[in-house]
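See structure below.
Naming follows writing order (A, B, C, D and E), and every chain is counted from residue 1.
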């Protein structure tokens, strides 16, 4: 890594990694002097569309495996994807819990619940989890994006929302977190891979390695991610 | 059919004009080339698409009517203001155009939302706007009305005031002058402004998503449906976009055809 | 300062006009109330915010210049077309306004992207547009130019053609007529249209994100930065929005002040 | 016609940006012609009455009601004025018929009724055929006639006519004069004109406006009999020399003694300003002093000439700069080899010179 | 002035939507006055030459160059015409000086030079003071004078004047006539006018346009000596009866025999159309047949009257509907108790009636 003294690595990462990945990159850059890591964060499927459109990226980290499969199918990635983090769902409410929600149960009846749409990974997981728990959800909104769910709850617009535990961690004191039974059976997995045609394949490979290394995992778990 | 005979446009002007047209047309042609035409009928048959289409039409109609009822008076008053007031009011009227739609949605949320600056009082009265179709209409009006206001005001400023004075000498009250002289005089601008506002409302996405959420049949308009579709299949999203474009084109061409006579 | 004395506006008009202004102003006031003012200086000091601000200014300047250079000629030519051609060209010119920004981005991507309908050939020549600052400018121009075109065309259609004929009898070539008569006559509309286009470009988010990506210093404009900020902290996003609004207000008020003299 | 049409009009107002300070009164039911050079303030005066302009100070009263003063400003639409501007100002989005029907409609008539009235007014101005044309499809004169029909269709209390016939052809202007004479009789009317014929045909009174002031006003015959300014004399087509009255029939004017006959109706008083008035046709030009009876022989210098019908109107300047016009035949002109700047003698028979007291300066209504 | 100014003008063109089929030629350097009723097609004729209108068929040639025909259309800016329209059409965003400097600038002069020229032209129209005003701050007449200065500042080959003086005051119109006479002399000029004075002052030739056709044209004196149409006679201020020549000095016209004196310059031929021409002042009106010498005594019916200077102009209709105007004193009028529709006798001395051959119908240039 010392031969090529200056390389800029472009990492396409799912929006939910917005906070964790820059921290990981700090450590990586320290270990690999001369390499700078830049990020483009967006929804996973947007990133695949951008890759398909010819975006110059070196690493792609997706928030779910289905989307990564789309990248693999389109031969957009160079290496076999590796799962580096997991995420589970939790129920969040505003800190004062105005809807008096007690969990994924009848306390939700008539309350404003916001979830992800079934077409996106977190919505798919929400649906599965609700089935497991035998509840029928009547959300007032099914958003495309977890951030919108968090936003609806932190602004008090919604009484409750179902999000990933990492999102709840990031929101901190702005939300109250309630665990959902059987959430460990609907685990969302984050795969990472190097991008086909990368001009910094070696560095990309080492970044992937770093993310899956102990130091990478340490950072990830500090943001609430589970480790596979 | 051809350039009007009474005024020659410099020839060279056609070069940048064609470039401008190409900039807009080429991507649209690109879309036409790539779009999976065969999927469109099947896609349109799905309840999700139909709900979205129908919701978009209803909300856009409502927000356009709202933009006209509120925006036209604002444009008229604005065109009569002079000095600092004019600059201030115009700047405020135009600001929503500059807000990224998501921010526009946030701004609406922190104001009219359940805990919003104003919304908390509305909430006490039992009026909850968030996550309802009304929220969609408000979001669309908020972002689209300024386009109507600015277009009509510009046109009003360049009309001949003397015509209004003459109408008044004929005994027309201010309201009559407004209805029978001022507004007809800027008819084309009103039509243009309405078209633009309608178009903006039809394409509105970020503010709606943030302020109104996304629920099939209630708040998930066509653009939101397209966005969601894209999560599963980009091609289907493109196909739905074509539907949106077709809809917009029809709605824009229609008034032109109707008013062709009177030109 | 007050309503111009020579024309009375019906009193009742102030009611809907105030309502319209309130619809726009109240959410903005809501924002002002809620925004964490204290955080703004610290936020502005971060390289991410500075890069975004600077990038936004540069790209918007570029796209506004591009909109003017290409859009003005298109508006002039369009205002001279009659019949079916006019309707067709106008509809095409306006279509980008109706596209949800994300779709606009997608459309650009499938056309000008490296594997796009046109982009694949450009790519062979070594020209890669996607995900560069140029892509930001193109995306902004694509979505904002139509606003300029439609505003200026409307104004041109209502100018007195006889003035152009008189200028021609005085020996002015078409180019001179254009430069010294036609365009000055619609000066206010050009100013208005440019402001709107600039505003739209400054707030542009979806198309930029999709077509140009979000890379700090290269393609992450202020709206993209706000969006990203929101992932971590809504309040900081609001604070940055205030910066965007302030910037937009200054840029909109400035030309008005400059031209106040000549009114 | 409503009762209030019987009430007159009073303007005592200033418009600072236009440098106008105008004082004028029109008796009920009379037609006042306003004459004066371009830019004198004639349209300004009309604008004050129509409500297009707001006075900076002073007041305007019309048809017995306050139109404008320090505290009130009666909106245009409640003034019941009929206004025909210098430009036709037809509404471009309405056809000719609906332009004329606009007034009756605005005053509450039904669509049918208004259109019937409009058709009638169009017939009066001879344009019934063009009822369905758009204003842009009219010639200049046609447009002006439609505007006239429109202004008259509302039976206004006060009629304001700002050069209504400037764009009309001779025949149309003549029939329009007849029409106007009939339609405005009994209505208080302000008529701005540059045409002497309008004075004879339509005016009861005449006001002369110069440089933002009403410099003279009075009954038409008086004003024309003793034109208060050079401009008015020009319009009336007579020569006018201003001087000081001496013995009977004598005025010191133009740097010379002018000898004429005192007007018994407007006798000059010795030592007071007086006017010598005479027709251009009565002035003959000579290179050497004539031997006959003419008592007025004035040295002069040619300042210009132009054809005037079959004759040539020569303008000469007297010693003190006052101008005199003389109508001579082209043959006389050619025989004398006249050119600009030539010195000669202007000769007028005393019997052709009328001497009158100069009208007092300033308008009757001022102060 | 360029050499090509020596070349004339020819219009043989139709404009279908306006119902115009116009044929006209102007000899190099001459001024042709176009007269005719409102909506006749005068402005249309001017528009064909300026390039504002494109003929539907036919051709227009000017200053030796083809302006428009089936295959060519010379753009307006290459025609080198000076055009003064019925409306001033000043550019609202430029001040008065820059409006006038526009032409010289457009033809390549530097800013300094153009403005100097503009100042000079403004001085000529007497508006040097207003150089820095905006057009909106001018009165109607001032605006028209600026437009004239602007049109003349480019030294055009062909000058088109469409009622240039309609909005000017008497004094301004007079000095403008002098100015125009000097400035357009030697340039091929089309002048649309409703004012007889313009004919006498400015025109070499006169063309009469009626209902979209040039119905007569020729040297001014000829046209005015034998007015080809009632309209032209009206403008010239003479009575004109059209009939058929009989014995010497006799015309059957107006349903009666008109007796007069044959004009030696334009002698009528028996059996051919002829005109009887006489002044309104020479016509007297009687309720019973007079006993004296007058040989023309025609039964007539009053169709209207209006003041005409100190006299009253009475219009009467003869048996066949042709009109005759008579100027009578108000006293005579009052004594006869005349009213519209009254029957009376119109009496003219034979010595005052000039009989001329009627001009051949149609324009000289047509066919």
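Keep in mind that, in the parts below, a contact is a pair of C-beta atoms (placed from the backbone, for glycine too) under 8 Å apart; a residue touches a chain by one contact, two chains touch by 3 or more.
The model shown is predicted, which means the values in this text are computed figures rather than measured ones.
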Other chains in touch with both chain A and chain C: B
Taking each chain's C-alpha mean as its centre, the one farthest from chain E: A
Approximate Å spacing (C-alpha centroids) for the pair chain B, chain C: 15
Inter-chain centre distance, chain C versus chain D - centres from mean C-alpha coordinates, in Å: 55
Distance from the mean Cα position of chain B to that of chain A, given in whole angstrom: 35
Per-residue overlap in chain B, given as positions that touch at least 2 other chains: 6, 8, 106, 110, 165, 168, 173-174, 177, 227, 230, 234
Residues of chain E engaged with two or more neighbouring chains: 52, 75-76, 87
Sequence positions of chain A contacting 2 or more other chains: 46, 49, 52, 151, 155
Contacting residues of chain B [partner chain C, same complex]: 1-4, 6-17, 19-21, 23-31, 33-34, 69-74, 76-78, 80-85, 87, 89-104, 106-108, 110-112, 116-118, 138, 141-142, 145-147, 149-151, 153-155, 157-159, 161, 164-165, 168, 173-175, 177-178, 186, 188-189, 192, 195-196, 199-200, 202-206, 223, 226-227, 230, 234, 237-238, 241, 244-245, 248-249, 252-253, 256-257
Partner chain D, residues of chain E touching it in the complex: 36-40, 42-43, 86-87, 138-142, 145, 163, 166-174, 177-178, 181, 194, 196-197, 200-201, 231, 234-235, 304, 306-310
Chain A residues touching chain B - in the complex, by the definition given at the top: 43, 45-46, 49, 52, 112, 114, 117, 119-120, 139-144, 148, 151-152, 155-158
Chain D - residues contacting chain B, complex: 50-52, 75-77, 79-83, 85, 87, 89, 91-94, 102-103, 106-107, 150-151, 154, 160
Residues on chain C engaged by chain E in the complex (per definition of touch): 160, 162-163, 165-174, 176-177, 180-181, 184-185, 187, 262
